[in-house]
Amino acid sequence: MSESTAKSGFSFKKLTHMKLFLPIVCLIAVLLSNLIKTPDFFKIAINNGVLYGYIIDVINRASELVILAVGMTLVTAASGGQDISVGAVMAVAAAVACQILSGGEVSTTVFANPYALAVIAALIVATLCGCLNGFLVANLNIQPMVATLILFTAGRGIAQLVTNGQITYVRVDAYQILGSYFPGNPIPAPIFAALAVVIIAYVILKKTTLGLYIECVGINSRAARLVGLNSTKIKFITYVICGFLAGVAGLVASSRIYSADANNVGLNLEMDAILAVALGGNLLGGGKFTLAGSIIGAYTIQALTTTLYAWNVSSDQLPVYKAVVVVIIVIFQSPVFQKWAKGLGKRRTAVPSAAAKGGAVK
Amino acid sequence: GSSTASTATTSTAASAATTSTASSTASKAASTATSTATSTASKDSSVVTTASGLKIGFAQVGAESDWRTACTASVKDTFSEANGFTLLFDDAQQKQENQITAIRNFIQQEVDYIVLDPVTETGWDTVLQEAKDADIPVIVVDRQVDVSDDSLYTCAIGSDFKLEGDKACAWLDAFLTAKGITDTVNIVDIQGTIGASAQIGRTQGLEDAVKAHSNWNLLAETTGEFTQAKGQEVMESFLKQYDNINVVYAENDNEAFGAIDAIKAAGKTVGSDIKNGQIMVMTFDSTKAGLTDALDGSITLDTECNPLYGPKLQEMIGQLQAGKTLDKMTYIDESMFSADTSVTKVTVSGTDYPITALTQSVIDSRSY
Amino acid sequence: MEQEVVLTMRGTDKIFPGVKALQNVDFTLRKGEIHALMGENGAGKSTLIKVLTGVYEADGGEIRVAGTDRPVVNKSPQEAQNLGISTVYQEVNLCTNITVAENLFIGHEPRKAGFIDWKTMNTKAGELLRSLDIKAEATQKLGDCSLAIQQMIAIARAVNMKCRVLILDEPTSSLDDDEVEKLFVLMQKLKGEGVGIVFVTHFLEQVYRVCDRITVLRNGTLVGEYKVSELPRLQLVAKMMGKNFDDLADIKGAHTKGADLKDAPVIDAEGLSHTGTIKPFNFQVRRGEVVGLTGLLGSGRSELVRSIYGADRADKGKLKVNGKEVRINKPLDAMMQGMAYLPEDRKMDGIIADLSVRENIIIALQAKRGMFKPMSRKEAEEAADKFIDLLQIKTASRETPIKSLSGGNQQKVIIARWLLTNPDYLILDEPTRGIDIGTKTEIQKLVLDLADQDKAVTFISSEIEEMLRTCSRMAVLRDGQKVGEISGSEMTQEGIMKAIAGAGKEETGNV
Amino acid sequence: MKKSTRSLNSTLFLLMITILLFIAMYVAGMILFGGSGFAKPQMFLNLFIDNAGLIVIAMGETLAMITAGIDISVGSVTALVCMVMANSMENHGVSAVTAVLMALGIGLAFGVVQGFLISYLDIQPFIVTLAGLYFGRGMTAVVNTEQIAIKNKTFLAWANAKIYMPFGSYSGKGKFHPAYIYPTVVIALVVVLLIILMMKYTKFGRAIYAIGGNSSSALMMGINVRRVKFLTYLLDGFLAGLGGFLFCLNSCSGFVEQAKGLEMDAISASVIGGTLLSGGVGLPIGTLFGVLIKGTIASLITTQGTLSSWWVRIVLSALLMFFIVLQAIFAKMSMKKK
């Protein structure tokens, strides 16, 4: 038996590798497709002392999405549902930060309050939004999508309430750093923000058992409770994290435009974040997750958008292409399709993998 | 008051001539309304609080921009309780179906007037018919409505977006002439949200002008969805594709901000000196933030789109109460702002439009 | 007399990643026979059945059914049903969100003018339930029934369909003797009607009571097909395990130490209760003691232990652990007091399906340690390997998701999970459900070993014999109430039966 | 056994609670805003008039959700349907009847493709329908980016055909206005009735519940899970097409931004009506009440009429939250009782 253990252990490893393999292939395929129309897509130049090029744009612009995707992955894994309020929470965080910095003025060229205060306050408010979502989902057992629908609609209203319905501008260089460049550093600052979030997330998942707990709760919360896990608390935590990260993303997005545009900061980003999670090979029904997959998914989505811009697709028709590419990617990733493609010789397709999955969940 | 363009105004301090008369005109209109509607208070007093207590339903698009917020504030301030009105305000959150619902609601509440700032131009036949059946006059503001039967609404007041575009292009023409530029001018258009009346009118204005000028070259048109972030993203993409852009025609201020950032990030400069490689940014709306950029020259021309409908509406309702018939369509006055003084007025279809020279005090006196 | 063959499988192969679950297996079923399919956990019994009924696609081999001359390929259970094969799978596979009646009739609901005739359906379901003496109502939601009842309903569903072949994969594992008896009567009746029955079980007595033939599998290969009369029990066991083994040997003799009555009880429950399910009870367990809980199906055995463990928070009464009164609000509190609880419903409460065997083993210990003290990878792997070895868990690797293990092996993983936490007090609710005889004996030994190591154990099993082998004392439950205890000389088959039936002495308070 | 009968009815119990809460809210509205016309019968009928399309769409959504899936493409499908109808009638002179057939065809096409991807390729419903959402919205822009007003005579005649009720109310000026509905309401209510019957009395309907509860069990009980799922999404797509048509009768126009976010309305209406996103639980009648509850909340805010734009959003969500939380608490209580 030990022999078979070793052998199959090896093949299983190969399988887990496969899990990230496909999302990576998809990302590369999307990027390479640019070479047809834009041969210098991968060209990186130094312009004005900073890196300049399409590929830099992709990585830079994907930053908020990456940050959101991290939170969304955890929420999805633990609760089998999604937090659709992240875009709105971004707007709230942006509004709070700008309002504090501008001291209530519509536009300011000097900080009315310390930068740190604004950042902390914004993150606290975003985290509180996460707490509300978490409370509704974990403690009251309200279904995630509907629980977060509340902040999804209210969030932008709250943001407008904070800014009095105005777009508040903070025209201070220091505020723009997070969305542009650290002085003297050629790499766009949002990339560092995303990187920091990813690294911290990895460290937390590595150094604590949060990841395992989340998976347990997401797969079988009844059993998780019986082995001593506090399902409620764990679900709650993931929503808090997600809210916090939405706050971070909101700060980055707001810094890019040095303003709080309550209506547009993070608009429709929740859908992209969910898509990123799925493109990364994660099940939206919860359970096992791979953070790396979601991150790759996020870059894939941004790569796709940038690509379509580079192809001069008009942005109102862009969704058509996006839809087609997404469908192709998910078909490509679908186990049924893979099986069918592999066993073209065999005529039979197997019974739904649902059978093999064994309905132990729920 | 009359409804000709010269007197109908706004509290926009910048429209130099008529500023101080605006509010008194409006209150006069209201008191006219009072005197005709209620037989008791017939003497012409300027005390507005004796107004008839009209109930007005205002179906607003949403609060999707500063501009809209200013518009809402103007209407709300005008039809305030202190001024003797009951205003029922509905925010449709940019959804037409919500607005239809709101109008049905207003009808059941038996309001005296419905003021509709429509989300879209189309789709009002059924519900306006219901309003008509209930004998409630409907005044359409800002955007227009496209209905099979014009009698479904009483009158409309709004911006002429095509004219805005025409004026901006006329300015560009005049500017180029003034600077003696005859070479090819490369223009990119960052459009508004596709399908929005403002986008359609402003794009049309530009496209017509491009056709009329053989040396104007429209490189690309893409929507920036009226937002700063999208404007920036679109401009980034333009800059990578074309290295000869002279003029950015941004269809609102927010897009212009994004475009300016993108231009700066690409290592170019913004300004009116297009001969020497500067990229000129033209835009619309004239919000405070926009004018601030216009003052320092980042934006060269900002064409106004006036949101302050309140006083004008009050005047119109007064006239309707007095039993007058109004023109079906009235356009609101709109100005143009530039810190560059090489052009002082432009002419479109025979009408002259002055360019307001921008100063800090102009900006300070604006309410939005 | 050679009976007519209704079904044959030839050269069946089935390969899962890392496991050859079936290799060249033949199987023949005749009309009107009860055919036992035997083998250790993970031998491939369930897989054979799933291949036959179209849940899995075979990697090789052919299936023939009487009446068709070409080999049949079942692509789905539906097609198998259409061929007259009706199946009760090992894990109860019913839908808990709909009513009992619907579960019984779904797919072939009685209809009037094309529309489902609910009245007829409920009446028919009621009749069916009554005829099988199942204590459930037709209009009740299935999820509200206990596992045993669900099992009976699954059987009822299968037999209610007109079929030529009936397959029962471990139907008796969660039933008590009465229910088993009812099932046998039913099986005999169907046999009389000419139905071929495939019967999987780990209970040898049951095989010898009702079966005509036995097919034995080992490690995914066919050992042989035998007439029951020609294969004595010991030989059967030897064929299954591939070695000689006496499952009847008395293991209790090995048990040396008993409980010291002077010790303070590890667990001392006083008037504990959970409204709606279990009435106030007193219950004590001492070090070195294995206390059994017995009673009829649904008598509240599971509920009693759940209220001790905090799975259902007790709303009245006191609980002392090692003499100290403790408040247990949630399972973690109980775990911190050194308790461990092996739940009865493996699928719903036990396994965490998508996680690996390793993760399933360490999860309880990890939860106990807390979030910030993760076990190192090495530590976890060692722990997993130790128990895979100790309990002979058959798995492709320790990283295999637990859901792809055979039922019995999943159970072993859950046992390993709790042993790893090194508890002082173990609650084992049906720990040997679905476990093969070899391992069952191992587990019984293990329980006694634990007692020898001064641990306290509460043992629940529907198998009285097993209880007798392991328990030193038993509490009797009836209708959610503890009605008495038996020990010493009363600890015989009859003694227990009597106690359950109501002759046991009434609860006197303390024991 | 009494215990179990009660727990079976927990879904019904929750439905009763939902209906009672709705009635309570409506009555509260009548008391608060009776003077503003809230008590008029027409105000109540407006709930149906305004939401006829949504009701039909939400029915489809409920079906998808009962299979443990979701359909977030319905808003885009509605936009596409409206645009295609408007464009073909106004710019290509297509007759109203043909346009309706095109609308239903579009719905069916979405149903077929999405159903196939979800059931036969096992792709997650959320992703498939998210792609559908993108595709529908993008295609709308491809068809035409302008706002098209429908002026087709037949179509407008349908849209404006009031059906008067035998009751009504007196206006402030003392004039009697009979209450009325539009044909859309009749169609929507017929659809609701048919779906209720289908879910309760057909094999297909019960199979939907079964696969939503546990698809692998359903498979082993001999249900053709894939086919049932496929047909469910097909029907869902069809209902989206039909709902889009009703929506179009209400708005008589086509434009790119139409019906944005309608999917969230459909989903939340289903959930308020007691449908679980995790599948297996849900009643069409509950969804109808979900729509009415959302409509009433919006109506209360419009009637109140003095909130600023942002407060509208906040209060709207707060009321929604209040409702959902109340429901959750009742649900918890009924669980506890068990």
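The letters A, B, C and D name the chains in turn, as written, and every chain counts its residues from 1.
The definition used in the following text is that a contact is a pair of C-beta atoms (placed from the backbone, for glycine too) under 8 Å apart; a residue touches a chain by one contact, two chains touch by 3 or more.
The shown structure was predicted, so the numbers you read here are calculated from the model rather than taken from an experiment.
Contact counts per chain pair peak at A-D. Chain B and chain C, compared by their mean Cα positions, are separated by 75 Å. Centre to centre, using the average C-alpha position, chain A and chain B are separated by 37 Å.
Chain D has its Cα centroid 29 Å from the Cα centroid of chain A.
Residue positions of chain D touching 2 or more other chains: 141, 145, 214, 216-217, 219-220, 256, 308-310, 312-313.
Among the residues of chain A, those in touch with two or more other chains are 160, 165, 314, 316, 351, 355, 357-359. Within chain B, the positions touching two or more other chains are listed as 63, 69, 72, 194-195. A list of each chain pair in contact follows: A-B, A-C, A-D, B-D, C-D. Listed in rising order, the residues of chain A touching chain C in the complex are 1, 4-9, 11-13, 15, 207-210, 212-213, 215-216, 219-220, 222-230, 287-288, 348, 350-351, 355-361.
For chain D in complex with chain C, the residues that touch the partner chain are 1, 3-5, 7-8, 10, 197, 200-203, 206-207, 209-210, 212-214, 216-224, 280-281, 338.
Residue ranges on chain B touching chain D, taken from their complex, read 57, 60, 62-63, 69, 72, 87-91, 93-98, 100-102, 104-106, 108-110, 119-126, 129, 134, 146-148, 193-195, 200.
The touching residues of chain C, counted against chain A in their complex, run 17-19, 54-57, 73, 75-76, 91, 93, 311, 330-332, 335, 341, 343, 347-355, 359, 363-364, 366-368, 371-372, 374, 394-400, 403-404, 417. Considering their complex, residues 36-38, 40, 42-43, 46, 49-50, 86, 141, 145-151, 156, 159-160, 171-172, 177, 182, 247, 249-261, 295, 298-299, 301-303, 305-310, 312-313 of chain D touch chain B.
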